[in-house]
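Both complexes below contain subunit A, partnered by subunit B and then by subunit C.
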Partner chain A sequence: MSLTVLLTLLSHWRRKPGQLATLLIGLSLATALWTSVQAINAEARASYDRASATLGGGALIVLTDETGAIPIENWTRLRRDGWAASPVIDGSLEVGEQVFTLRGVEPLSAAGPQTPLGGDGPGAAFLTAPGVLLAAPETAEFLSNSSLDLPPVQASANVSRTEIITDIGVAARLLDRGDFIDIITIDPEARPGLTPLSELVPELLQSSGTGNGEVEQLTGSFHLNLTAFGFLSFAVGLFIVYAAVGLSFEQRRASLRTVRALGAPVSSVIIALLAEVIALALIAGAAGIVLGYGVASALLPDVAATLRGLYGAPVSGELAIRPEWWVSGFAIATLGALGATAQSVFKAARLPLLASAQPRAWAMASSRRYVLQAGAAALLFLAAAIIPNVSSGIVAGFALMAAILFGSALLLPPALALALKLGQIATRGPVAEWFMADTRQQLPGLSMALMALMLALAANIGVGTMVSSFRLTFEGWLDQRLASELYVTTRDEAQSLDVRAFLEARSDAVLPIWSADTEIESQPGEVFGIVDHATYRDHWPLLVAQAEAWDAVASGEGLLLNEQTWRRLDIPMGTPISVGAGDSLNLVGVYTDYGNPSAQAIIGLDALTRRFGDGVSRLRYGVRVDPAEAAALTEALQQNFDLPANGVVDQASVKAFSLSVFERTFAVTAALNVLTLSVAAFAMFASLTTLASMRLPQLAPIWALGLTRSRLARLELVRAIVLSLLTWLVALPTGLILAWALLAVVNVEAFGWQLPMHLFPGDWLRLAVMAALAAVVAAALPARALATRSPRAFLQTFAQER
Partner chain B sequence: MLTRIILAGLLLVTVAAPSLAQGFAGLGTRSEGFAVPVEGTEFTFPADHGAHPEYRIEWWYLTAVLQAEDGTPYGAQWTLFRSALEPEAGEGWSAPQLWMGHAAVTTPSDHFHAERLARGGVGVAGANAQPFEAFIDEWSMASATDRLSAGEDALSALDLTARGPDFAYQLSLDATGPLVFHGNDGFSVKSAEGQASYYYSQPFYEVGGTLDLPEGAVAVTGQAWLDREYSSQPLSENQLGWDWVSFHLDTGEKMMGFQLRQTDGSVYTSGSWISADGELTAIADGELTMTALETALVRGRDVPVRWRVELPTRDLDVEIEAINAQSWMPTLFSYWEGPVTISGSHSGRGYLEMTGYEPEGE
Partner chain C sequence: MLVKIDHLEKSYGSGEDRQPVLRGISLEIDRGESLAITGESGSGKSTLLHMIGLLDAPDAGTIQIDGERVSDLDDKGRAARRRSQIGLVFQQFNLVPSLTVRQNIALQARLAKRLDPNWIDMLTERLGLTAFSDRFPEQLSGGQQQRVAVARALATRPALLLADEPTGNLDEETSAQVLALMLELCADAETALIMVTHSIAAAELLSRRVHLTGGRLS
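Our next item is the complex of A and B:
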């Protein structure tokens, strides 16, 4: 019996292939976005596990030199003493308009994930002339087409788009490093050497790379972030499914009644409905998983680059097919589809046999339902208001965001109904009044799609504001760090003095970047001394500052602290801060210092040299010079002095490079944003298309009263635009609250620093235009169908009307 | 010593590319351009104790049979392989030389091993002739100049160190006899096709020193054998594996012998008989027979650990038995290498090396 019922039900889809497609596409898209996020997370986790297995769970010790370059003998000495040390050369390679990080590794000594020779690696060719460049496939193609005389390029999914990996010998040649390297990494777990590092290479600075425990803690936030985005996309997708399932139920009301009247028990109908939805979920789920794999493969290299760049976490750029996200994809597709069908099944179970079987467009809007929705929304907002007060941490941040998003989504239909009602009161003229009333009438049918659109728009505004705020702050931070046109590092103090004298005659200003290692409030850290110069006053954005902060620093009485330390210490402005052994200095300001885990402070240059004397490293300078003369000055410096490799770095290229890295960091977010918005637009298209076919009985009388078909079609377009713009209006505050939650709650947890929120009205307007355009695109086909529909069809509705 | 040719060849392949096929292809094409051993060439010392980058492969291979004061037998191995990726010379990072070190200590109950890899040209691994030192990382085989008398060969007194995760050793080696030259004055023919290498040894070392083992330091004395060989010959394809021995006989005589197990079931045998005063006589194919008497299960494979070795021309008929049957080197490419005791017509101690014993089903 159930089978017969099932076949009867399934026959519906043969008549409505478009609806079936909507359902399947909606569910596939939702599953795809979810799966791609899961796949990325699973891959990253597997990479961490691999790394901790190869590295024995330990962190690498990283050795660097103050001058930026390490003579190769240092590495040789370490090896000959037994340390598991590996050299690295890191530099920028300009190819055409693009700048890449060229990383030279020494494969025979590199530990675990650093070695490029595993799997289908380039093998012996990597080590022999002319060498091999490993690059992401896109980069590889770009490099092969360049006119530069580069070694052969081999595509590798393990390399991020900004990177090129090659043998250290090739890197040394391309970057003209001679007998110098940039970094020495040591795997302390492999084996210690015979002599302590401090005796063997006393001149090198030691720092620990990120330990794996720390990596998981840090990246945990990032992955939660991604998961939340995946879930949001899935929710948006589910709105489509819910709409399509509901619609199909309404349309099959007659068939269901007939089947029941013919004697099929309720249980058979319910079993058939459930079987149908599970079958659809499995088909759509499989398609979604395949699609998700594609999306994840496309996004993973950037995610890997982000994780490497932000946290130093090694993540492979290659995606493996893992059972965990397969299973999770099918599970969420089935659960989602079942959830979306629940209401229909419930209705089918209680279907009155003798009620009119006439399909209605949708249930009439009931004011009671709006009140219920508004009530639920109010509860969610209340929860959102309470959460930050009772709980903290990243999970609370996401709970807060979820409450805001879904509260706003629930509030949308009542708000739209209210707006339209007010509009109806305000308008004069029959057509306008009809337009408002008819739009209100259609609201229940469109509300799911509009809610999906609202979620997508709000997420877009929220995440967009977060990223743009971060970008603005990051640019400010770059200016702070890179305000000078040139950065010069000298070999020793004697050369330092000569270079300073040389530069002072040829530039606008020479700004010493002198520093000393010390303790700041008993925390190990670094103190920089600066001269009083407009560069700092104009360029360094201070998060919090007392009036005349820069004067206080210049006079040697004040001190600026980096944000991380300030948050850790939790102290007000004016607090005396101990720096090394001398007198305390008053805290006069706080500056942003992204990506630095240690304490850092800035004081006046004289104060620095007075306090630390010989302990001050006096090797670096920032040089202010007319940008047009920077290149000539660089050349003059290199000709006159035997500067270390990387001794002169020009600001422009470093800045451009840093920004391009930043952009890539958020490429994933941007991609997911666009995908979510597309899914929402598709939801709207699906709803409008289905509604259009059912609304003929409502339009026919208006047509009969004299409104032409083309006018009606134009009104349909206007309606879609009005609704999407109203939705945008609700999405705007929602998105801004979301951005605040991301910046003030989630970021502090995930990255360790708070970001100032900046508003970007231009972006909002662009989004409004996009929303309207999406509405027009979604409504275009149904409107066109209406405009070209034969008058006979309109007339027929009167004949069939009962 | 094809053993080591293949080991050194594999070094190139294995280190540079886990994808063996690709590496082998590269190996075949690149053999052109390397120097080839020529019969009648005179060795020049100390220069020839150092590296010969113009030849494709080369090694410094030392095995020591040792014993503690309480009579416990030990074995120690120190090996440095050099393999050239290309015949072209290059400097610094561009030097196309790969180096691989193997070190091991065998006790009656344990076998400790370690492996090191490095590139040439940058001072991390290499072999200098003057003063002599072969090294990789902190492992070193160096001429002990303070123990050398004027005019004495640089290899006559050596200091040897190596360490692994769970062992280390420091040994002093002093030669009591001259260098010996295998084959025809050091020109050692390896096959009917004329493949050959330069091959000489110092088999007369008296050893003293310390083994650092997990249970503590052990003072040891004993004898050691150093092989030096270099060539450029490509690999043979018809070998299943080989069994190689070096003997320190109580009579003061030394013997080196090996058999190649070929795919057609036949064996090819060769070796050298060295008198106590250092006079070397080559052992021709068929003169020596090696018969496996007993196997042990070593890492999933049956490996012969007791052998009968017969050399009728010298009235030698002995049984050799591994001091530790599990003397397996689980390195990038794995093999069995460990000390043996010799009994029968002659007695003494020696070293046994075996390759090509694959696990069942492979």
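Our next item is the complex of A and C:
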């Protein structure tokens, strides 16, 4: 019986294919945008996991050297002492236009279930000349077709697409390495050595093998923002679905009542409605996932470049089809469709059999409805005001944003109705008065689409402001952190002394970047020592500072703390801070330190060496030199000293690279902006097309009174523009509040640092123009249809009983 | 006896606004009988028909159909009796606009799982709808739409056909045609007919007539 009811319901779509297309496209677009973001995030995380797996997946101790190169003797020393140590070489291998990370491992000591070599160890070919390159299937195919003289390539699904794994000897040859390795991994469970690592290799830095976690923490902000954008796009898409489902329900209300009167129980009607929506969700979900795959494939290269460049996170630029986001896509499409249909199902369950057979208007305009909406909006705004005071954490941040967005969306129709009412009072002339009154009458039918547009615009303004603010802040931060023209890292302290002497004769200033690992207020962290120099006083803007903060640091009495540690500790200026052993130093200022999850402090250089003595790493320097002479000095350094691979870093190229990475980030944001706006424009198009077919009886009398069809059509376009601009006016403050919430609440909750908010009025105006254009595009077809409609169609409305 | 109604009462509203519509109606209808219910507007004709058709429940009194007390059934039970034992014809036709004529006619029979294609073909032919069977309701005239509604109501060969002002929206000539066909088909299917009507002429075509005044039979 449910099948008969279902077929009866489905027959509606045969008569209304445009409406069906609207519903399917709306749900597909919503799913596509959500899935694309999920696909990108899943791909990035999989890349982090694969990269981490080559270093033991977090189970191993990872030893590195500050200079980037570890003498091979260190490894042999560890092995002789009994440690289960394994050497690794890491480098970049350029093949054609692509750059891969070539990772050389020592197969006998590295073999284990966590590594890409697999639990059974490598095959014989891996160990014997000419060796084997293990690569992801796509990478393997690419390498096989290259003209380079490479060892045989073997495909392995366990290897990241950006990586190539090979024997350490092969890697050393391909990367032209001498007796230096990059990483030593140690399995602490398998075979602890006799001597503690801190005594055996004190010069090496130990990490607990949580490199993947660090990458995830660093990139978390980026993924969080992508997810937020995906969710907003999904919500915008759902507005289309909600509107289409609501309209179809109203159109089928009489049929449902008839079917019930003919003996179909309410349970059959509900089952049929649910089956219909699930069937539609599966169709739209599949289309959305395919579309989302396309969007993600197009965006992933830019996202990957951003993540690689900005955070050093190894993310492949190619997308693999993963079951998890297929499942996630179908789940979100079905849940979204069910959510959008819930009201209709509820109405169907309570549909009285004996109510009037006349179909209700799709949406009734009523001041009571507006009052209710405004009341609900006020409650949501109240919740938004309360949430930060009573709750914290990332969930509270998202709840705050949701309350702001949906409160504004609910407020939009009453706000527009009020604006149009005021407009009606202010206008003179019969056409203008009719236009305002008629626009008010159209509001209920258009409100869903306008709410979708408002959400899209607010999301654009909010996320755009956040990204642009981040860009400005990041540029400033680069200036602060990269104030010196050159950065030099030496191999050891002897070389450090020589290099310093060499540089002092050839530069304006040599600024030691010396540091020591220690505990800051019982948190593991790093403390830097700096000399008193104008570079810091001029370039390091402090978020909060006491007067004469730099003097206090130079005298060894004061300490600067990075923002996230300061926020975690929640302490006022002047608080004594313990830094390792010895007396506490007073907190005199706070500086920004984006992307660093660890505690960090800056004290005077003398204070650093006094406190930590031999524990101070004295290998790095910032060099102030005339920018025009920086290149010559770099060359001189490289000629005179055997510096590590990244021994001299040029400030200008690092900045240029970082900014180019940001440009690609912007490309991602811009693409998502356009996609979200497109979805909103489609929502308007769908609503306007539907309304156009329903409102001929309202236009016919005006036409009969003397307004031409073309003028009526022009007025339709004007109406769309007016409504879109009024919507933009509501979206602007909403977007700015959203940006504030993202920058000042969500970021702080998630990552411990707050970004300053910058305003970009030019972007807002550009968005207003885009909103108006989207409205014109959406209204163009219905307006054209009206302009070319035959007079007979108008006349018929007078003959029909309505 | 097919239908037995005993002291049926129904009111709408509550408290001071309570409006009694049916006041102790008792009535019996035999198999194959045709009964016209007439009365002024607001006399309770349609309400009585809705009670008999199990579209609404009485406040007091009982209804038995085919010996079964149906007035106390829950929604599911009422729906089951409606689709298998009762045919309904409304003044507004109430066809499903997205189904063709043929699909509309077969709709209740399919819901009741009693689809007999030969019977449907016969009904379609007798009601002069064969040429329109692939059309949609909006492509038909009022008289044609009402004939589709009659065919749909008789498609399950119900024991009871309830018609609420079936000719209220039709002109005189079409009304007479539809009514004649309905009576003819009811006689063929041995279906009892209860029809609510304002038209004395239409009522006189049926075998028995009752008049409702202020919720009471006279």
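To be clear about the criterion, the second predicted complex is superposed on the first by the 415 of 802 C-alpha atoms of A that agree within 3 Å, B and C clash if a C-alpha of one lies under 4 Å from a C-alpha of the other, contacts with A are read in each partner's own complex, and residues count from 1 in each chain.
Methods note: a contact is a pair of C-beta atoms (placed from the backbone, for glycine too) under 8 Å apart; a residue touches a chain by one contact, two chains touch by 3 or more.
Source: prediction; values computed, not measured.
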(Q) Counting residues of subunit A touched by each partner, does subunit B or subunit C come out ahead? (A) B
Q: Mind working out whether A:Ala505 is in touch with subunit B, subunit C, both or neither, as first, second, both or neither?
A: neither
(Q) Applying the document's definition of touch, where does A:Val5 land relative to subunit B and subunit C: first, second, both, or neither? (A) second
Q) Which of the two partners, first being subunit B and second being subunit C, lies in contact with A:Ala264: first, second, both, or neither? A) second
Q. If you stack the two complexes on chain A, which partner ends up touching A:Ala581: first (subunit B), second (subunit C), both, or neither?
A. neither
Q: Using the touch definition up top, name the residues of subunit A that touch subunit B in the complex.
A: 72-73, 75-76, 79-82, 106, 108-109, 117-129, 167-170, 172-173, 179, 191, 193-194
**Q.** List of subunit A residues in touch with subunit C within their complex
**A.** 1, 4-5, 8, 11-16, 252, 254-255, 257-267, 353-354, 357
Q. Any idea which subunit B residues touch subunit A in the complex?
A. 12-13, 15-19, 22-23, 26, 85-86, 88, 90, 92-94, 96, 98, 117-119, 122-124, 135, 137-138, 163, 165
Q) Can you list the residues on subunit C that touch subunit A in the complex? A) 50, 53, 55-56, 75-76, 79-84, 86, 88, 90, 92, 94-99, 103, 107-108, 110-113, 136, 152
